[in-house]
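Each of the next two complexes has chain A plus one more chain, namely chain B in the first and chain C in the second.
What follows is the complex of A and B.
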């Protein structure tokens, strides 16, 4: 292990990657089908607040911006270089960047260690250039960085919604999918980072960084294996924010695929399982869990206990929720007699006053409000399942006791209400199982 | 570093089972009462002292897998069986060209719940403590739990709780519950042994028989880190 490999990238160098004042796009293109065009355009369209310079020796202007032949030709200071040029030229370009005082580089280009021994050589040269020039490098072979709080979208697709979850992914698409879901739901992300081959900056650097980032409440990671265990362990032990990890490559064939995808050593799954539990990492088993757990951990407070009242307009959904609650250690406790009596007096006769409490298909928002009010002294969590179009649902939900919102089968009303919930910072889950499963992570 | 470990490293070998027992006992872990003997007569005397039934096991630094070699003979009930077992082990070691350092005679442990514990090296995370139930649970279902060293008491309890077969330890079908406290202490001891003796590369305690009160480590294998000899 090389000396100093336990030290993290400095805050300053990572700030150049996520919050630069000025960006150069090396390999910016005039051809709309090329990444060099799309990334340059996304930086502009996302509303980057500083200067953006395209670099391409064959062009004079791209999207109305003066194009420079090289980084040396740019008159002013550049903090970040986004590099989309063939692999053999990348190491030298990073050296030129270093000489010009560039602090960070995002290398989108592929053709490195993921392609074989020749690519491995190029990657080693890249690492050497980065270290010697003191440039922090994300990638290569990655999908870039998107920080909507800055905003900087040196990535694709163009997404700008701001939120509280940092997404760090060894796979560009997997990370982009999470960001896309968060964007559609108007929850947004704090920052998206595609690590690619993580030749320089790795997941430990980013855990260390996002643990201090004011916009980040929860860190969601997709990984195929940790890069350096001691550094990773140190970063996790110091991190006081919830950390959710989807670790792929669990089966022998999956491990093999991970090795060829990003040259990751996937390791023994049982050991990962134990280490994650020991460190308090929330382990997601699939992409939906990674999304759901992060959403719950970022936007819901920790419940005071495990007593859960399920209130539903859909009998079936109530049973699905109850099964999941039982399987994840939540306590679907019977209603105290006093509370049941109070509710029978105000709710329609056909409501099933039990736990789950079935308001049945003609439930309205006011009935939910009455139940939440009555539940206050007796339950730690109220799981509200809106299983029909229930207008005004978002108006009756509060935070005391903790309320978990599940909305399904409500079509247009649901889609409208969900956005209203999300604008209030209350997460909505799409199925009883996903909602309750995510809730159970708050009590781990 | 214990004397046995130092000596084994000097001789470029791993611990033989009596040394592994000694190491465990030094850390307060129960192992079966045992003697190392060098003749059929000694074997008979030792067995009478220990009390039947006994087990006879080969003691050789060259043999990692004693059972595969036929170097473990269980349930020996009388002097004739012990003498025959001694001669058989000598013969097997000769056939296998394994250096014999005696035969281990130990009291046969009464039945209980069989579990396994140990220390292994993970390619990424380094030394990790392992725990699982004996027999098919580990081999077929891979029902094991791991933790990094050093273990905390909470870690040890969680390792025991989180294996799928954990209810077996609570007692099923009228069986008595196993001594979970003793088990947790054992896992903590494995962790402590690994921390205090970094020369230990791997430890395989298999089986460990857990009773309603206490437990006994019946078979112990300890592998050491050796610096590669200069060419």
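What follows is the complex of A and C.
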């Protein structure tokens, strides 16, 4: 892991990036196929609460807003500049922004260090301009920032659902995919930040910032390499929220690709493995794990222990869950005789009162409720698998003991119930294996 | 693995189960919350092409169809009986069916061996009745049969999309989840069979049957244990289509749960591992792999070799794909100089012409087409990762060389394009890891 500066970006400068009162879109465009149009439109459509100014010397009006030729021409204070202009003009523009009191800039434009030596020169000029002008810069070569809590959607696609996971990504697409999944499931995100080339603001600054952000419960990070090891280590050690990291570039060829993608020093995987374990970072092995672990850690409390009761309407799903629980160190403990007796008295005769407890295909929501009630004193976690269309499932799930919800095979009823669960802040997992695997991270 | 009879069910008797000309629903109900109503309705709604008779002594008409008191009262020939009546009446009903020339029965009803010794007696009576009456029985305790190619939806939920994967499942829910995913993606299935307790027809009969079924390209099986080893081995050895199996009950507690679910002898996992490997069976480790592997094997040809070019609009996704390719034995080979030169001449300057080949975020469909054309002689497979909203992607993908499609981070454009791909019979995978992992099975 490379060394580098130890100081974090100030809270004030990052606030300007994520919660500005006014925004200028430098390079706003009248052409709908251009990012300069889409980002400007997304900021408006997401309902940004302050003023938004388009800047483009060739236009007088964009989407009904008066267009200015440059940042100098705007009469009032601007906190944030979103920049989508050719790379050679970016450094000077940042200097102009600094003079006008702009505190933060999001540089969407590519054409910097990711393209080779010429671009590297432009990126160095950008860094110099940012430092001298005291402007905090996200990017360049990035997909922007989306903070639905503000709301500020200086990014694409247009997504506005508010949630508890901050997404920090060296890959725009990986971040956008996570955000899109969370949006489809109506879980939302706290903030999405596409880091791009990390010329200025890096993952350590953001861990430091989101550790204090009231909307963020968990931080999900996609990275190809740490930018500055001492700063990263310090940020992680100070952070009291769960951190989940997907580190790409683990194989020799993957590492080489990472180095040409964002000039990251991907480093040897064993080093990352050791550091992550030592720091209590949750390491995701793939994109879906990054999503699942963050979802579990953001929306579920830590269980009091490892005793897991699996309750299911689907015998097969119960077995798949049991296998995964066994492989991840959860304790699928036998039912105490007293509890089993109590349940046999209330459940239909054909239910298999064991662990997993199989309510069979004609299970209804009330039967799940009865099992959870009986499990209370004997288990730390109840894993509820709804394996059929079971209406009303979302109405019976509570928080004591901890309840993990898996729903599959229920088609339209399942899709409807999943949204009801998510609106209540209870995460739902799509397969027994993904649910139990994510659960096991709560006990790491 | 247990022994058992070696003879397969006749093609004629299984045809009666999957492609009958006339169906009787014994236990059809007038109450919409009952399975006896839902299955009868699904058979009608899916557009069953022959005659459908409801049987219920307490009703005169169900959903506008004349209701008969018993199978004896139906004037014309019946090929298939779908049975949803209490377990104690099932054996006698099967005898009646046999007398009327019914060739197949799907027994949805539970209350047999899965409930204990009394149910075991009923199940033995059912088996005896089936043998003596020459009726082939699916179930009992199952979720039925859905053959969208006929169409016959003697199951639930109502799904009608036709595709190339046969699903054979000891768990109704696992099968329904796979079928629902395939339906949501507009890929469909060739036939879904829920095996239930496998009192009569078992997985070996179905491998034997689907090996010859013209609509089936790949067979996806969820099992907790093989019913009769010699018959299973023979069916697999004779089958020329890819078989993908998810075997649950791999851990000691999972095995115990499997044994109480469907009385399967789950057996030691090492035995299954060895047998599967020897027979060339594709072993899925979880439910999503069962889905992904089947999808890849059904809709993609076997590549000519292992040389894989990864083309992406998302640098990060390209790295994740490279890591997975390296871990699964694919060859992410360097670009021949001639090919690199040709591509540098036509692609924008900022593209990274290497392997992975990063077209960057402003990639369009035409750029992908140019890369595929240039790759022709040098690579066996091109992995196309669309990591942004890229309209028209589905129009540029062909079959030579083999093209694997991964699409993520494209939100609404992605969802639309995925359906266009699937209507063309080209499978799309949702993450780099899942796509490349599934691809690697084509070379096993």
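Please note the rule applied: the second predicted complex is superposed on the first by the 440 of 444 C-alpha atoms of A that agree within 3 Å, B and C clash if a C-alpha of one lies under 4 Å from a C-alpha of the other, contacts with A are read in each partner's own complex, and residues count from 1 in each chain.
Here is the rule we use: contacts are C-beta pairs under 8 Å (C-beta built on N, C-alpha and C of every residue); 3 or more make two chains touch, one makes a residue touch a chain.
In this text, all values refer to a predicted model and were calculated from it rather than measured experimentally.
Judged by the touch definition given at the top, the superposed model places A:318 against chain C, while chain B stays out of reach. Within the superposed three-chain model, A:431 lies in touch with chain C and out of touch with chain B [touch as defined at top]. Of the two partner chains placed by the overlay, neither chain B nor chain C lies in contact with A:17. Annotation for chain A, partner touching more residues between chain B and chain C: C.
Looking at the shared chain after the overlay, A:126 reaches neither chain B nor chain C. In the superposed model, A:273 lies in contact with chain B only, and not with chain C. By the touch criterion defined above, A:309 lies against neither chain B nor chain C after alignment on the C-alpha atoms of chain A.
In the superposed pair of complexes, A:225 makes contact with chain B only, with no contact to chain C.
Against chain A, in their complex, chain C makes its touches with residues 110-111, 114-115, 143, 156-157, 159, 169-177, 180, 222, 224, 248-254, 257-258, 260-262, 286-288, 313-320, 322-323, 325-327, 332, 349-350, 352, 354, 356, 358, 360-362, 387-389, 408-409, 411-412, 414, 431-434.
Of all the residues in chain A, the ones that touch chain B in their complex are 225-226, 229, 233, 265, 267-268, 270-271, 273-275, 277-278. Residues 122-126, 128, 142, 144-148, 155, 158-159, 162 of chain B are the ones that touch chain A when the two sit in their complex.
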